[in-house]
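This report refers to the structure that appears directly beneath it.
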Amino acid sequence: MQLGRVIGRVWSSVKNPGLKGQRLLIVQPVKADLSPAGRCLICTDCTGAGAGELIYWVRGREASFPFTPEEVASDATIVGIIDELNLAGKKKEPAC
Amino acid sequence: MQLGRVIGRVWSSVKNPGLKGQRLLIVQPVKADLSPAGRCLICTDCTGAGAGELIYWVRGREASFPFTPEEVASDATIVGIIDELNLAGKKKEPAC
Amino acid sequence: MQLGRVIGRVWSSVKNPGLKGQRLLIVQPVKADLSPAGRCLICTDCTGAGAGELIYWVRGREASFPFTPEEVASDATIVGIIDELNLAGKKKEPAC
Amino acid sequence: MQLGRVIGRVWSSVKNPGLKGQRLLIVQPVKADLSPAGRCLICTDCTGAGAGELIYWVRGREASFPFTPEEVASDATIVGIIDELNLAGKKKEPAC
Amino acid sequence: MQLGRVIGRVWSSVKNPGLKGQRLLIVQPVKADLSPAGRCLICTDCTGAGAGELIYWVRGREASFPFTPEEVASDATIVGIIDELNLAGKKKEPAC
């Protein structure tokens, strides 16, 4: 899974029926020190994550599993919200 | 899913039968600020997207799902056209 | 799918039986302006592409689909030869 | 598989049911000389690896295989702990 | 498939049962001119490749196919040893 932060949202009226009713969140990948790293992507979500939250997502085939038996044409889905990161004994709160 | 802009099209007479009848669009990946980022790719399309439009695509196995039961040998398919991007409260129109 | 140019070929006598009888072509990925970009890879081929030709390939699971019911252990297969690229109204011939 | 070192852990109360009961470890990818390289990721684990250990992980569909018949929504799983690396005849202990 | 050279080996006593009995080789990806490029990875092998040999590997789901019906939890497997590379008419021997 990859670490990221929700930084926005996308609206889209023309889309594949397999994405109807799905919130589409813009996620900025982050490093372990929580600084941004790399290109943003659009994720579906099964956690109710909101803007500013630190999350992790799965990509590939696994991204559609949380929605079965619905067939969601997604290749990136947020599967968890992070409460706390512990790096070599140092705690880190996922502050925005 | 990845953010991108349709910047062109490809014609190809010799191709896998699983791509017959598919429009092949050239997509430039973009960042959240809509500036270009990285190498272009060729996508199949299930939205009717045209040149200049801001879209998002899925890659991998999911890319062939919008076409089932047809078997389309694609690993990247446009699944939505973006109406509006909202980054930390700021709206962004996907102008060309 | 990714854009690339066939730049060579590989011979290999010791290989997985699932690759027997397959031509193995060396492909240089290219950008939309057809300049080279990134590391070469080895592709199987279902189009009869030759050296110098501009092609596109699929990767991942889709790469073995053109060969079914044969089981080809390939993760990258050329699925089309490009006749013409059209970028924002400008035509481009895939000259070598 | 990729080489990496376990550098921390993540706690997450809101998450996909398919991740319940799974330890989520933060892994720093490393090069063959064991220096860090690239962005950290979050892995599930089937080896009992602890902080500081040199490990390798699988990604993609294979990442959920070690847990079958449980359906774990993971795209990266630690599948082994490294005892010793041998590079061109030189042994290397995976010291922290 | 990707081009690479076997540069070492990994020993690991704690590992997923799906990797028991598999040799784990360290592979350095190489460019078409055979110079190294990018991060090393660990591959399973179905060819008997040894240190110094020029090989190509598949990644993803295809990586477990050479071992069926055994279920090997690998996402990267060497599927061929290269005898000769031919780039635009120039032959290249895969010398170490």
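Each chain carries a letter (A, B, C, D and E) given by its place in the written order, and its residues are counted from 1.
FYI, a contact is a pair of C-beta atoms (placed from the backbone, for glycine too) under 8 Å apart; a residue touches a chain by one contact, two chains touch by 3 or more.
Everything quoted here is computed from the prediction, not taken from an experiment.
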Can you list every chain that touches chain A and also touches chain E?
D
Neighbouring chains common to chain B and chain D, by label
A
If I list every residue number at the interface of chain D and chain E, are over half of them used by both copies, so same, or under half, so different?
different
Chain C and chain D, separation of their C-alpha mean positions in angstrom:
32
Report, in whole Å, the distance between the mean C-alpha point of chain B and the mean C-alpha point of chain C.
20
Touching two or more other chains - residues of chain C:
60-61, 63
How would one label the connectivity among the chains shown: line, ring, star, complete, or other?
ring
Chains in cyclic order, anchored at chain B, direction fixed by chain C
B, C, E, D, A
Would you mind writing out the residues of chain E in touch with chain C in their complex?
1-3, 29, 31-32, 37-38, 46-49, 56, 58-63, 65-66, 79-89
Using the touch rule from the top, collect the residues of chain A that touch chain B in their complex.
7-16, 18-19, 24, 26, 28, 39-43, 51-52, 60-61, 63-64, 71, 73-76
